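Starting off with a structure, shown below.
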Amino acid sequence: MRNRIIVLLAAIGAALLVWNLHTILLGLPDETRQDMIFRIIYFHVPGGMIGLTGFGVGLACSVVYLVKKDLWWDALAASITEVALAFALTNLVTGSIWGRQQWGVWWAWDARLTGMLICCVVFVGYLMLRRAVDEPNQRARLSAVVSIFGTVNAWFVYKAIDWFPRLQHPGPVLTFRTGGGRMDPVLEHPLYWNALALLCLAIVMVMIRIRQEDVSREIDLLRRTAHASLKGL
Amino acid sequence: MRAPHALEIEGVFKYYGDFAALRNIALRVDRGSTVALLGRNGAGKTTLLRIIAGLSKPSEGSVKILGSNVRDDAARRRIGVLGHGISLYEELSAHENLTIFARLYGLDQPGETASAWLERIGLGRVRDGLVREFSRGMRQRLAVARAFIHEPEVLLFDEPFTALDDRAIAVLQGLLADAHAKGRTIVMSTHQLKEALVLATDVALIRRGEIAYAGTRTQQMVDDTGWLYRTYEDD
Amino acid sequence: MKTTEAVAELEISRPVSAPAPSLIAQVWTIAGKDLRSEFRTKEALNASIAFSVVILVLFSFAFDPTSDQLQEFSGGLLWLVFSFAGTLVLNRSFSRETQNDCLDGLLASPMPASALFLGKSLANYVLLMMIEIVSLPVFGLFYNIRWARQLPMLAAVLLLGTWALTVIGTFFSALTVNLRIRELMLPMLVYPLMIPALMAAMTLTTVLLGGVPITASDMIWIKMLVAFDVVFTTLSVFLIDTVLLG
């Protein structure tokens, strides 16, 4: 059943992506001021959206783990955070490429990208911590706490970066943030379709990661059982 | 009114990942009894003892000390734990070490209590010596005093007789006899079957995370120390 | 098992009546213990102060130490020194408890983990402030900065910013206490989480070292430091139990 969902979602995601790429690369006109590089927004913005949402959902799963102490929630939290980190990194990379075109430098220390970078560094720490702890319950507990600290910290970073005298990244353009009028609907709609395509792929990746987590839990159980029976001899 | 048990363990499970290190442990210990917690390496003795001491939380089940939950203040002040480590600060003097723990337990006169204990364990003359300058035996005696400075009603030991020197064993045995005479409850996990079985009034044997036997210590166990293992560890 | 009702009846009224040790007394005991053993060897303190002087010297090669522009990033330099030297103290805070299994002894006592955390934070706070009190004049001397012109406000910023570093550092020292690669994990976790507090402290300190009073628009940073301190102290106090007892 789960396999079928994975295959189905992957197929939908891939089909959407191909169709979107066709629209974005061949269907859409160039933007007046940015020329063709503006197309990067179709990956940059959905990457950021999925990344940040993923960190948030990962935090929620971590909190559920702390309440319920069920390792499944920890596996979910870890899988989502890992995939979210990958999408957040695409946001950073595409942002950097766009910055190179528009501002002439790869990294301009603009506020939002810097905030995202700090977020990424915190969650890289989260994933490193997971590797450093062997006992699954301890790992789940400690990484849940790091996730809580990281997310609260991200909120402070977001505020602080806004006040810091730095280059400001283009403001929000999407209709649900601005109430409309900042972006032509012809250009805006493909962005949502691409967000959907990437979301499908993100969910597929999370599901595959969870399956890996299940297997590694089983291996851990077998290893401990073997270890215990060896000790008894 | 019937007084609560000294120790009441119900349905305790402890998981490491999905591996159950302890399975459905249930144990009631009456006041005044001395329990020898036996079992092979890796059977779960230390894990269980740490849970009883409140140093580790059970995944399921409950542990009550004299009727109150093990992490409650009331329970914590009434148990004393001596584990593998001595839990002493190297850079502090013997007296300072004991005073710190006397304070943490909220004793009335921490300084005086510490001094009295130092006399009792024969370290009165080196009360201001730093622990790092102490010999192994002195540290062990000090560790015993540290663990039981608050005169706990329930005394927990993890492998008390391993690697102790003569005087430390004497101090420990004196303390155990005294505690037993005062009707205190003692739980000790150990490999030293002979010593433990002589002292014990009750025995609990753990096999692969489960209680294989729990009951009164019989003369047969003392006479033939291998009997328990032969009978309950048949596989 | 055997019943010993007679003994049980005799024993029932024993020390439960003794008053519970107060949280504040326990916090003091822990702070006093940590400071006393640190002052006896001064290992961490001496190392951090020496390290902070080394960083201050190294900075002089990174840019022209006599330049006027130095003023513009003096606050940043100073807080880099504080946070790097301070973590030497902070990292050790809980790992020193693993020697002789001292942590078990503390956790077995009737002291909530939060009291242990607060006591250790208090001790670390005092040590960090001592490092800062030494390295601030050295900084002024090396780089020709008249740092005392806005002293009361600067002291306030130091107190607030240092508590932020202390809380994060002490908490993560507890979180990583049992890890194999503790020394590698700590900087990875601690520095990114300190960023908002450091940004605020650096901005304010730069203004104050220039001898200019803080303006209304800078007050937002003070507010953020206070909020950071309050939020992370609260979080730590609530979560320390989860971290230390599993």
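Letters A, B and C mark the chains as written, and numbering starts fresh at 1 in each.
We take it that contacts are C-beta pairs under 8 Å (C-beta built on N, C-alpha and C of every residue); 3 or more make two chains touch, one makes a residue touch a chain.
No experiment lies behind these values; they were computed from the predicted model shown.
Q: Starting from the Cα centroid of chain B, hunt down the chain whose centroid lies farthest away.
A: For chain B, the chain whose C-alpha mean is farthest off is A.
Q: Per-chain Cα mean versus the mean over all protein Cα atoms: which chain has them closest together?
A: Taking the mean of all protein C-alpha atoms as reference, the closest chain is C.
Q: Any idea whether A-C or B-C has more C-beta pairs in contact?
A: Of A-C and B-C, it is B-C that has more C-beta pairs in contact.
Q: Need the CA-centroid distance for the pair chain A / chain B, whole Å please.
A: Going by mean C-alpha positions, chain A sits 49 Å from chain B.
Q: So, what's the distance in Å between the C-alpha centres of chain C and chain A?
A: That pair's centroid distance is 32 Å.
Q: Counting only Cα atoms for the centres, state how far chain B is from chain C in Å.
A: Taking the average C-alpha coordinate of chain B and of chain C, the gap between them is 35 Å.
Q: At least two partner chains per residue is the criterion; list those residues in chain C.
A: Those would be 246.
Q: Which positions in chain A touch two or more other chains at once?
A: 137
Q: Two or more other chains touching the same residue: where does that happen in chain B?
A: Residues of chain B never touch two or more of the other chains.
Q: Inside the complex, what are the residues of chain C that reach chain A?
A: Within the complex, chain C touches chain A at residues 171, 175, 178-181, 184-185, 188-189, 192-193, 195-197, 199-200, 203, 220-221, 224, 227-228, 231-232, 235, 239, 242-243, 246.
Q: Can you name the residues of chain B that touch chain A in the complex?
A: So the residues of chain B touching chain A come out as 15-19, 21, 40-43, 59, 208-209.
Q: With touch defined as at the start, can you tell me which chain C residues reach chain B in the complex?
A: Its residues touching chain B are 1-5, 7-12, 14-16, 18-22, 25-26, 29, 33, 36-37, 40-41, 99-102, 104-111, 245-246.
Q: Report the residues of chain B in contact with chain C in the complex, numbered from low to high.
A: Where chain B meets chain C, its residues are 2-3, 28-33, 35, 53-57, 71, 73-74, 76-81, 83-92, 96, 100-101, 103-108, 130, 146-147, 150-151, 153, 182-184, 201-202, 214-216.
Q: If you look only at chain A, which of its residues touch chain B in the complex?
A: Per the touch definition, chain A meets chain B at residues 69, 71, 135-137, 217-218, 220-221, 224-225, 227-229, 231-232.
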